[in-house]
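Next up: the structures, one after another.
Note that chain A is present in both complexes that follow, paired respectively with chain B and with chain C.
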Partner chain A sequence: MASKTQASRAMTGKAVTRAPRDTAHEGFLNHKRGRWAKVAITLSVVALGAYLLTDPVPRHNGGTWLGYLLGSIGAGMIVWLSLLGVRKRVIGSKPFSLKGWTSAHVYLGLSLIVVGTLHTGFQLGWNVHTLAWALMMIVILSGLWGISLYATLPERLSANRGEVTQLQMLEAIRTLDRQLDIAAQPLDADDAALVRMSLEECRIAGSLGQRLSGNYANDGNARALATIIEKVMTGRRTGRVDDRLAQIEFLLERKEAALAQARRHIRMKTQLELWLYVHVPVTIALLAALLAHIISVFLYW
Partner chain B sequence: MSPGGGKTIVTTYRIAIVGSGPAGLSAAAHAAKLGLSHILLEKTDHLSDTIYKYQKGKHVMATPSQLVLRSPLDFEAGKREVILGTWNEQTAAAGVNVKHGAEVKSIVGTGAPIPGSVMPIVSRNRDGTTSTTELQRNAPPYRLTLVNGEEIMAETVIMALGTQGNPNLMGCPGGNLPHVQYQLDDPTEYTDEHIFVIGGGDAGIENALGLCADPAQNNTVTLINRTADFPTAKDANVKALMAARDSGRISIMAEANTTAVEHGFITVETRDGEVRARCDRIIARIGSAPPRSFVEGCGIEFASADRLAFPKLSATFESTAPGIYVTGALAGYPLIKHCMNQGHDVVEFINGNLDLKPADEPILEAKFAGLPGKRSVAEWLEYLRTSVSILNGMSSLQIREFMLDSSVKRYAQGEVIFERNAPGSSLFGIADGEVAVEVNPNDPSITVQIGAGQIFGEVGLISGRRRGATIRAARDTIVVEISRNAALKLMSQVPSASREITRINTERTLLQIFKSGLAPADLVDVIANAKVETIRSGQAIIKEGETGDDIFIIRSGSMVVEKSIGGKPVFLSYVPAGSYVGEMSVIDGSARSATVRAAVKSDVIRLAGEPFRALLAAKPQLLDKLRGEMASRTQLNNFVESKKDSFSGVVDMYTGVANFLVEQGLGEATDVLLIDEKLCVGCDNCEKACADTHDGLSRLDREAGRTYAHLHVPTSCRHCEHPHCMADCPPNAIHRGPTGEVYIDETCIGCGNCQRNCPYGVIRLDKTPPKKPWLLSWFLFGSGPGPGEASHKWAKKHDPAYAEKAKKAIKCDMCSGQEGGPACVRSCPTGAAIRVSPEQFLGVALMNREDR
Partner chain C sequence: MSFIVRQVAKRADGGDIIRTRTLVQAELTVGRGTDCDIQLADLAVMLRHARLVQITAGKVSVETTGGVPVEVGGKFVTRADLAVAENPTIDIGPFRLSLSPGEDGAVAITAERVVPPIEAADAAHETSIFSLSGAMPTKRRMAWVGGLAVLVLLLLVPLFHFIGEGEPALPQTMVAEAARPVTPGQGFGDGKLSVPTARPAAAGGFAPDESWSSGMLSDAHASLSNNCSACHQKAFVSVTDGACQACHTASALPDHAAPARMAKGRLPDGGVMGAAHSAFNLPQGRCTSCHKEHEGAATVMTVAESFCTDCHGGLKSRLADTAVANVPGWAKHPDFRATLVSSPSADKPVFTRAALSGAREKSGLIYPHDIHQSTTNAVANMAQKQRLPQGADGALPCSYCHKADSDQVRFKPIDMEANCGACHDLAFARDGGTVRTLPHGKPAQVAGIIRDFTLSESFAPRAGVQRLSFDRHLPGKAPPPLPGGNPAARAQAAVVSVFTGKGLCTECHVVTDTGAADLTRRFAIAPVSINDHYLPQGQFPHGKHKSYDAKTGQAACVACHTGVTKSKVSTDVNIPGVANCRECHGAPAKTLLSTTAKAGASCDTCHGFHDGVAPTGALPAGHVQPARVAGRQAAGRSRQTPA
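Entry: the complex of A and B
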């Protein structure tokens, strides 16, 4: 096989054109100048028009011809939207643009609010049909939440990390730990215990709650730092500053700053993924509910 | 058996072999087998020092596979330890007479002076001047003097020193004390020491970092650097060093010079005065001197003054000093197998077997098979050497080696040799026939003929850019295609070829750029005054406001044009190789309207204004063409200037981004991956897609790399016009592919040279992981590691052979051969990842981006 790639790669003197690629520097929301936004708006407007212009007897619901049509379109779209998860992971060598897919996903997904809701004819109740609609709305709303994060967080993520990678942030904290450990050797037991608190009771990311709230006041390093600052201040007031403690204070402060940067980083990365933990499981529930809805319609109608 | 073994005090050996690498060792073993009296002199206390110094457990490769091994010693691919072990055993068994700890410092003939055999030796002084001394060669036998003063006599000498050379020594008092060392084999060997590492290059930094990596070793490490910063070291190394300093693991003394070394102490001169500090060990990494001056001192002449040049050798590897033969890496043969074969051959030659055919004969036979004319290999070589003018100056040995890297092909009349816009950096020589160059893309019937003996394709070779015109065979034609490597070697070995290529290149570049019905005859005056100059990165060739009317053609590299507006330099445009600058002043006689400086190290052709103006007067069409170009440039200037008035922030940003990108290597890139961090959500899908389409290994590190104004240049190949990585690849495994990508083929031996040579740190060495289970089974049952690169742990668990696999160099191949184009770009969900060429990006597009 290797020799085959070799042969096909040897210079032939031919002006081989490169595989076409998307070099446009535009984000997924503007992909092809908002092509999919236009498609989605057209779809919604046509659906709404058909809904308003027709007056079925006894009333609008999923059972009219328009209801069936909107239902089929909606179900098809939901299945297609779910396939984004597959498209994202099966790369292969064939052309496709995940950016284009995401763009279409977002706008067509939003148009489902119109298509899906009109399909119900506003006949909502406590049944599997409405469950499917509700799950769909949850997926869509979580999608909107995702979009708002995608639009705002990357810039802040980039600004926070500068040119430092996540690995380097963690490495920097480990290095400070080593220095703290060395600097703590000459201290008495009480002060050394404080340093140990920073070393042993400090969790960089912490619990999900801490990660999302950004409140780490109870963390070992913060507590150790607070106590040491107090000790150093007391020392200053009485004019007897312990240089070793001042050094510890300096290191703890640097560690606190390093922790803060890493935590902001992790927090934003968590946020950028967290919404998917709603979006994807509810999508699976939606697919199940959708199946139940369709089966029950054909069995009991 | 003739007397050997050195029992008598003055033995004159038949052969003395200097250096016990694969070449020297193989020669010695063969001499022993033939029963020739010999001695093998090795500097160190073990055999084959270069291989000895490979990393522990390195998998040594035995390329090229088509070459048969003809050495009394065995060699096949395998672990370093196994190979060295085999050689140790077999050398002992063969009864080779080895002398260890025998560094040869001079070789002189003891016979009568050879009439007329005087060699000028040019040496370069510190201040840049050169001085020449003359050396009178004497006839053999030779006296070899060792560093310890011992002397050895030999009728013939085989030089097999390799190219490592000797480390530069510390010149200060005490520099020869035993605790000063020039190499660090195992940094974990030392504990609780005060160690000074001297030298701020990659070697020094890597050693220093190794010594302080594990705090448990408790070393106090200080790095002494002559300058304030580290211009020669790789960015990644400098960063790691700074991090180590900031975390207190290492101290750095910058702008410092060691003035004295004593037992237990070192004295260093710094800006703030002299410092005397405790010091248990000094590791000096202040570069190494190539063996050239020692070799020249033995009367062996090199092909040219070029750094890349090798000794001049006859077909039997004999140098210009009669009886001294040169083999192995020092003779320009980069691989172990070549070296071993040569060691064998050279002993055969010395032993009188002059009919021996070299081991590469079948390879050459295959190259000439199928060509008309029924010539033997030797006849073909001679035919090509005499018919293509730039090859005339080669020796028969050189042409042989040269042909191994080149190919000969017959083209039927009308057949295309290469097309306009095809990537290609090879040079062609016409052995027989004639080719037609289609100079006008719109009308293929307009052609210029190039005849037998001449060359073409040199523009691609020199500029690193795509072919400028389609070339066909005008009748049945035989051409030699000279690979870029072979062409560069040719230019450094044969000065006359180098001059000829430069001259032709200048003429053709001018014709190609200015077109407008010019003929070579019109350019005679212009070319007579043309000069090729090398411009350092950042150096200006034109300064705004100055007078001057020279025109510059950028032959290789690229330039940026800047104008000072409101006291600040504003980026105007990017000028790639193959374009010209400076025409405005010639046309309207005005002062320079902008500054032009080199984005990367570049070569320019400087044309004097006077003859050029005469040319313009004679050719009004050319004047019109230049006027047109000038108008569009003025327009761009005005556009930027008008923006500056209204949106000064936008223009500053544009300049900032452009300068940043140039600094990141865009000036020599052909294609680069950029990430807009306003869009990147950090999902790393680009890395996963890369791994999934490339043997499970990602060729890009998204997070690493520099960022400016949210524009991030990740660690990923730039596909340089003149790839640095190609410079020193022993099996010549790095090539440019048909869509312009720079790729590494499967002959890579994993030596890591390319990794060291790439200034952007984008090459890594790794082993291919086993195949992952089907994605669907991961989706459904969670089996396998999922999309993206699998961990080493997983690979080890699922492939019993993984631990033993050889590491090879891997890098981006621009997804060539994949219909969809770059997978990283295809798979980015938000559109943050884009791949662009500098011309595309460093222009108004960039300005508009800032305008959003």
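Entry: the complex of A and C
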């Protein structure tokens, strides 16, 4: 009896103890239950409140006390946010985890829209100051774009490639190329030229535009396939199907399918990467513009 | 006649596989086809590409058979004879056939792939295919280019421009414009002084440091747009007053008060703000403390009300001897204290400031506003007969006498001949076709004219000469005959009746009989000083108040000057109080969701800052305000003193 009571008490005790949260699979967006989201919202609300409750003459701008304050906070935040690039290269440094750092980077970065824009007092023009603001907005929006891609693309990326690795995708295409090369050996010059088109004028990835649009209609393989299909169809109508051409058609079709998979992969990877090609270089340009902005403002005080 | 064919193939590990065959025949076929003697497996090679024929010992001819040329010694040919001893080469597609003399007179041919096969997909290219590095310059390079472009174009180029710039040249027209003293009434009333609305282009084109401008310059300063160092003279030093005063000279924009008194009266700059100001060397009271440039076309003149009330809200506690009342803000603006004529004088009238309630003014003039504003009385009758202008209600309009000055701010001085003369024509006799009149403002002349006229009538009366009655109440009535006696007594009686009788001088003036023996000096007219500015510390542009409370014209005037239609004496002061202004200024507009005031209520709506030093203590006789160094004074507090 006594032991039963003890057991039930022990069970009660177990039930009351909260299981440790599984933070290993928690993304940076939910890090610490959105601690940095709260900090960022608080900062934005306070900044907006101060902006609305003060009425400087002739207008809000970077030169009022609030403007200087918001500008100092904003400049500090920009420098700190850009240091994520340094922090992520120092693996395992303390005291804050890279996930926590990233979470703060994202949320504080978003609050910079409010802080930075209120700092301008909506006084924009063609000058170094507005350039700094515009670059800042480009950086933030590209970051936002990147996060939205990270939320949706990896799943699709994984679904597209199944269990296949990138190298295996390339290997599959190369194998098909070899098969095409062998299968084309007995062909005459015209048909051989078509296969060479597929072998030599086929670019798996191509230009940035092709990577993003996924439009490879003018690629060598697609053109070769289209012509071969036509020839094979003609042959079928006349009842004289060239088996060698039919074999080529089959191989070209398989190559086109393999290319399509690789290109879907490339397209998503391009999207995942492209925002960083905006985010990072524009951040550096922003730091330069910020320096020019601060120096010029105080030089021509 | 034989060939030794050595075909070289690459192994996966990089090594060569060499297969050697000896073909005893005089002719070799070369091509992709499996039936060829030398099979070259590449699609760039024709099925039957060429034929090699051993013509003689040591001599081989090559001839294409597929229509596609071969390359021999760097030239594309369809046929060539080759000397084997010279070790010739034949390039067919990616393959090279090297000929050399073999054993026993045979021709050795080595067939080798010299152009590696196309690898459509290569593991080494994985990164360039699957990452953007294959399609774009690296992030690092883009960062360097962008960052350096910004630093060079927007920091270094403007910086070198600033360093290399000499003394700034100021546009002469601007300097002249700025040095002109500010005239009063320069368009007060909307919280902004009138500044040039034309936007002169800056001469000399774009300057690199314009990219540092934080916003558009005001219209007045637009021609300095590419001349930053005109104001920003020293690096890292906030624009100094000296830079402003290079154009805005002290005589054009005098001090608000003596600098020492300004310093004493100013609210001390304390706390975080004070610390920040002192840390960054931004003392109070600089031009730029109030005037903010780079804020758009018309905002450089806009200053906050708080800039005034910071000092004037509690001025008395810091500057005990000031004559200026504390003004914490428009809502608590003390009622006006009008500047009134307390002692009229032909040349030195005395003015006194007094509270509006119960204020009386001694202009020296007898003028009841009420009878001149009637729609029915003899004045109205007379005005109609004279075809004088009529107000909407039929009465003589205010504007008949009170004519706006050129600025539409105040009014032209009252002029007896222009404003009163139509009715008060000072006619005393009809002389044939001529109506004889008396000169206004010259009592000695008047006495002389009446005396001489009366004497001449006594000694040599002329036909067609008729004295006129001055009493306007009974038109057409003949004047009472002069008392009898000798001509001198009659002349004296006539003069006395002009100065003391009804209908002429005494209508408007206080006349004193001094009893002097000299008839032309006997009657003295009390001096008259008509006030032309009751509230000289401020500006009230009448032109901007032509309609009030949906009234216009005469009705608008009396909407504020309410007592004027009932005013029986000229000692009444019909100046509206501050409460009257507040009905519009600072009052919320009557629209839903709008808190915008109907009319501006900032200090500079009425007051100027750069008006010179305000007088302290009692106003001196003559009210000429000697302490005011410029500005308003020049605008002529010209007193008119009709005699």
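Points worth noting:
Please note the rule applied: the second predicted complex is superposed on the first by the 268 of 301 C-alpha atoms of A that agree within 3 Å, B and C clash if a C-alpha of one lies under 4 Å from a C-alpha of the other, contacts with A are read in each partner's own complex, and residues count from 1 in each chain.
By our rule, a contact is a pair of C-beta atoms (placed from the backbone, for glycine too) under 8 Å apart; a residue touches a chain by one contact, two chains touch by 3 or more.
As the structure is a prediction and not an experimental result, all values here were calculated from the model.
When the shared chain is aligned, chain B and chain C each come close enough to touch A:Lys269.
Within the superposed three-chain model, A:Arg59 lies in touch with chain C and out of touch with chain B [touch as defined at top].
Of the two partner chains placed by the overlay, only chain C lies in contact with A:Arg211; chain B stays clear of it. Of the two partner chains placed by superposition, only chain C is touched by A:Gly125; chain B is not. Within the superposed three-chain model, A:Asp190 lies out of touch with both chain B and chain C [touch as defined at top]. In the superposition on chain A, A:Gln179 contacts chain B only, with no contact to chain C.
By the touch criterion defined above, A:Leu287 reaches chain C but does not reach chain B. Once the two complexes are overlaid on the shared chain, A:Gln166 sits against chain B and chain C alike.
Overlaid on A, the two complexes show chain B and chain C touching the same residues of chain A, namely 166-167, 171, 269. By the touch criterion stated above, chain B contacts chain A in their complex at residues 215, 243, 247-249, 416-424, 426, 466-467, 676-683, 685, 688-689, 692-693, 703-707, 710, 712, 735-740, 743, 745-746, 775, 779, 787, 815-823, 825-832, 834-836, 840, 845, 849. Chain A makes touch with chain C in their complex at residues 56-59, 61-63, 65, 68, 123, 125-129, 131, 166-167, 170-171, 173-174, 177, 181, 184-189, 192-193, 195-196, 199-200, 202, 204-208, 211, 262, 265-266, 269-270, 273-274, 276-277, 280-285, 287-289, 291-292, 295-301.
Within the complex formed with chain A, the residues of chain C that make contact are 32-34, 41, 43-44, 46-47, 66, 68, 117-123, 125-126, 128-132, 134-136, 139, 142-151, 154-155, 158-159, 162, 209-216, 228, 232, 235-239, 273, 276, 292, 295-296, 299, 302-307.
Contacts from chain A toward chain B in the complex involve residues 2, 5-6, 8-28, 31, 86, 88-99, 101-102, 150, 153-155, 157-159, 161-163, 165-168, 171-172, 175-176, 178-179, 182, 269, 272.
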